[in-house]
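What follows is a short report on a single structure.
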């Protein structure tokens, strides 16, 4: 199979955005990867290896081989990400590629890994398509997705804001934005909300004033921002500037919702996030053993708590290593088999399943809100609810995920 | 030979030898050595070198000869890429129809845009081309990828799905990847010699071969009456018109030819990697080819290829040097020194590769006006002058002060 | 009926009537000089003939065909060539290349897509260009960049370029300005020779009376946008109005 | 009606940003003829002047809290800004609160200095070089500036909020029976833009400076022969342009949180604005800025996007194409400026 | 007669009357090409010097070198104007010392009107003729004061170029083919003007192809050939020496 390790070491490829708007997120992912490698090679305090339910990893590398890694820059562009991944596969002999901070890149690299015959462990990718119509047998996603955000968030919103709400969506005009909007709208509508409008905003938009201004006269009383990264920071800032949060519409307080949150984004949005609801894959303030262990080793090494992107990347690395260990081979087909249907715990989100049908992880999802009185620059989000896994599960043939097929695993040459 | 004079012929031969031996030349360091980081001899990067070489050669036919600075050439690259993938989706994975179609569609697209934009010159032309390209990008990124009419597949990029028709594809006999008559573009022959490992890849050789043809055609264009007319356009359009020449068709022809080169490059990108993303049409991509051409030397034959190579090299090699690698290089130093060296170099590599690239741009253009090629020539001249000065200095009769 | 017929041409620039009611007929195979004070509208008139400017009124016809509404390159292809007051040459190209371009324009027409032809194989054009350069005494500068020539040389190059197109009507706007005396005389000889050898008509604007009176067969004096007189050189020399408005008292006429 | 007026305000607001950036750019690009790809970077540096000032004002000392814990369970270090301990918590807090307006004073000398250094150290050598070379060198410079900022401040946006007193919403037109709620800071931005534009116009209009620089651009050599030290004036012009760009950036901070690539985001657009306005024309650039801003605001209304899908994505480029095809030199361009 | 003076030892300043403008062993290059090849001459105050030679002899290059334009680049030599070292100055400094050049291609500034072209010249001190006085000299310019300078007819542009030089209070006027493109009456007019300002003490270097005309006006003549001086003497000497005229001026 492609890049079968022969020597005393095995090379993993960490492909993250190092330049461009997501560079900070990428940097955090890299930190997590380095930490994971350290732990796999027996360094540090072992982190979540100690809490992981599977005990096959013992700090002696993977299958006794020392773990080495190469890094690359995705630039958050499909082409650049694929070029970088290819160089890792072709030049450095990486047997597994992981990372990424956007769905477009994840899908592009996942496709590449399928063709090249290596395993892809997706980093931060939230679009339904990654394990929906673009799913691939060699690709695996630990991160949650748009559907799960909707399923977790909608009940909380309904409980807090009432079932009689009229929502106005602003949606980033590309695949991820569409799938998230579709998911949130469906989930909230199921609980009685109405969607009065959905406006698509260009990716390159920086000033959202002309999108935010009409919201007030639309009769809507909730604004849903299906934006990520800089887009989200800017649209939320504009919404707050226009005084939406002080408004009363239909006799109710006007509310803003940001379905996909991350701490780094919350930091960028500053004061504006206070009290605003959203969902997130993981947060450092979780108190289960796995999370605590991870925060401790990450925090000790770097001096600040990890982001959800860092968490996912760390976990994906351990999961891959563990699967190889259990399968006894780096062969992508063997690894895939070991991961498919794998149930585990102790990695931070409660009992988790890597579903065989679409290679999506099912686990608890966090509903969070911007903290009103943060005690430090990291303490920006407050966990409102840990939505149990059962509530966010869906059938593998759910219409929002239909279209593609997993195909069969490709071990390459 | 081949209608070239001796100098051009030797240039072509040198380029041919270099491209054919690229897998060897670009891998000067043993695979296990610390310097292996600088090896560029793996299929993807070599493909990029020649494909972006084609792109830049074509761009140079327009910009270098006529002086018309297009800021929207990436649009043609994108159109070429999409055309090729559509051929994969409809017909099958053989690359020839895809490449052919990408040249044709981009040529037509260039004709259309050229007819409109060439009504203006100078910066007005540049902005018109930029506007068209940005519109194409915006449309490709979102509007043309709506579920009802999905031409580009938006952010994700156009790719082949299992349920695509692929009328002439036969999975039994043919690889499920782009191929040329059954020979997969990915097929790579690895040869290990001592500590060295060399990779000979089908896709690369196809692209390299096509680039040589493109390069040859470019030389012919440069050396033709047509090429001279294009330079005349740059020099003085007024005089041209009053000499009884219609400058518009000349510029249009140059625009279409360079658009076709760009489309071909786009087609080849898809041929070696069947996914066409909209970012290929963004202004940054158009800007990149401008930078490649200027960096190498606009109006020179080989300059654009060198410029393309340099930029792609940085993007792919420098971005991968992380602290880990740095520590590896300097591990022979005492600890304090090692950390110092790593700290010093750290900002310029890995995630700082942009910084280095920016500095290189500034240095090259400041100290080597005319780009790498002219820089090379200058250095050559300086050396030879020094030599000749040394040779005849005893005999020189400088007027005594 | 002359080869060039200008009828009632008028041209306005904002508040300035640069040309009004200009009538001019240039007989075939003659040298016709246009003289007049600075700003009289001489260059403007030439601009109207070659399509650089479109007259507001009147008509211009060449060899029985109207030139109005045609593009400059079409007019040139009809057989009109012009030397400009400030040299218009291809500065970035070598002298030789400058000469070849009109050669191609003559041979191949206004546009020819011939990217696969070899420049150096175009023996006919090259030979013709070489010959023209020798004629002008520029042969030893053929590899020089045109922009770095002295101005007198630029002007000679431009004349050579125009001639090598074999025009039927050659328009010269101060062709010898800035030329050394010897070269001025050479140019006069050359123009005379060309006119005799080929079937060519020349319209010339000049302030150098030596040139005007050595070449011209007829002279039109333009003043303030209208023709003052048109006559033979001898009559013009003695014309009191012309002497007053243009030649001046001290002017010794060669 | 309200909705339309609201979009007009939005358009003016966007237009102010475009016009301000285009104004600075056109001083260098439209007037000096230097294709300055680093202009966006100057805008960005302006915004980071506020960030820097904010950081300086927020410089803190740490005290260990007895009750609270940090994320690792260690005692929390509580930070108190020095200004708060020096001037008392209230005055100190309001100084920090007003850091953006204060940054204007802070940014002017810095930006002028940057403009001077840039011109003297680099651009000076490129006046006579082809535009292509200018593009390469200024693009290189833009990357370097960006990366330096990124190295210090990271890639994430950093909020530079307006002072509390200015960050609310103003109710407009109540007397006229209209209900328009518009952020105060954005209104200030419009006023500020008009002020700067007026100031620059007055400077160039009522002094010979503009004429000399234009002349110097057209023909340096001859202007030198007339005894004018054109280099000095070019440097001044650069300083002015940098200051305009920087101030536009400082003031923009509260509207959108500054990040290191905000300059690049605006770069292409500002070139389009300048060219649509017409090369060499300051009023053209300003006019084009406002027109494009307003059109963009209207193109993003639901009505527009449902009528023509995607119009909000392409409006600016579409308008640019239409303008340039109908008016050869943009709205108010001067003949002969960068037409070849 | 002194056809090829030997300047290799430098000028013996004691022998000549104190020069107002003096050029000493000036060498200048256009990039790689060596154009001005060691030129030395003196001009006295209030004198008109005719600088003659064939096309390409280096006349323009010499004037440009004196005016410190920078292209061609003067690599060696000294230029003194009224005890001031011009060779150490840049062109705008030289202009402020009192040097005025009417360039051969006129160099009217595009984008500026006639009047702005003149005003531009009066920004830097010292100011010379007033605009009104210039319009009196060239009434055509007065009529066209608001027209863009470059749309003037060739001759009008020439007038503007001369007017621009006079609008500054210069000590030395360098004229590069000032009569070119002018109607004979205007040439007479300008010649008169040159005489008038000479009376007022202006020092002039005149480059002109119409050698006879120039020599009639000039006091002294310098003849250049391929970048070097081949004659330096009085104007009448040249007019009388047919051999010299035939060899270097072809008249």
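By letter and in written order, the chains are A, B, C, D and E; residue numbering begins at 1 in each of them.
The rule we apply is simple: a residue touches a chain if its C-beta (ideal position, glycine included) is under 8 Å from a C-beta of that chain, and two chains touch if they have at least 3 such contacts.
Bear in mind that the values here come from a model prediction, so they are computed numbers and not experimental data.
By the document's definition of touch, common neighbours of chain A and chain E comprise D. Counted as hops between touching chains, the shortest connection from chain B to chain C is 1.
Distance from chain D peaks, on a Cα-centroid basis, for C.
Averaged C-alpha coordinates give centres for chain D and chain E that are 48 Å from one another. Centre-to-centre spacing of chain A and chain B amounts to 35 Å, using the average Cα coordinate of each chain.
The geometric centre of chain B is 34 Å away from that of chain D, both derived from CA atoms.
Chain geometry summary: the mean Cα position of chain C and that of chain D are 53 Å apart. Across the assembly, chain B contributes 138, 141-142, 354 as residues in contact with two or more other chains. The set of chain A residues that touch two or more partner chains comprises 23, 173, 200, 202. Of all possible chain pairs, the ones that touch are A-B, A-D, B-C, B-D, C-E, D-E.
Interface residues of chain B, counted against chain A in their complex, comprise 39, 42-45, 48, 138, 141-142, 145, 154-157, 159, 161-163, 177, 186, 188, 199, 269, 273-275, 277, 279-280, 315-316, 319-320, 322, 324, 350-351, 353-354. For chain D in complex with chain B, the touching residues are 35, 122, 125, 129-133, 135-137, 139-144, 146-148, 151, 268, 271-272, 275-276, 279, 309-310, 313-314, 317-318, 320-321, 324-325, 328-330, 338-340. If you check the complex, the residues on chain B that touch chain D are 63, 67, 69, 116, 119-124, 127-128, 130-132, 134-135, 138-139, 141-143, 146, 237, 283, 287, 290-291, 293-295, 298, 347, 352, 354-355, 357-362, 364-366, 369.
Across the interface of their complex, chain C is touched by residues 3, 5, 217, 220-221, 223-229, 231-232, 234-236, 238-247, 249-250, 253, 257 of chain B.
Looking at the complex, you find that chain A touches chain D at residues 20-24, 173, 197, 199-202, 204, 206-207, 209-211, 213-214, 216-217, 230, 233-234, 237-238, 241-243, 246, 264-265, 267-272, 284-285, 295-296, 299-300, 304-305, 375-376, 378-379.
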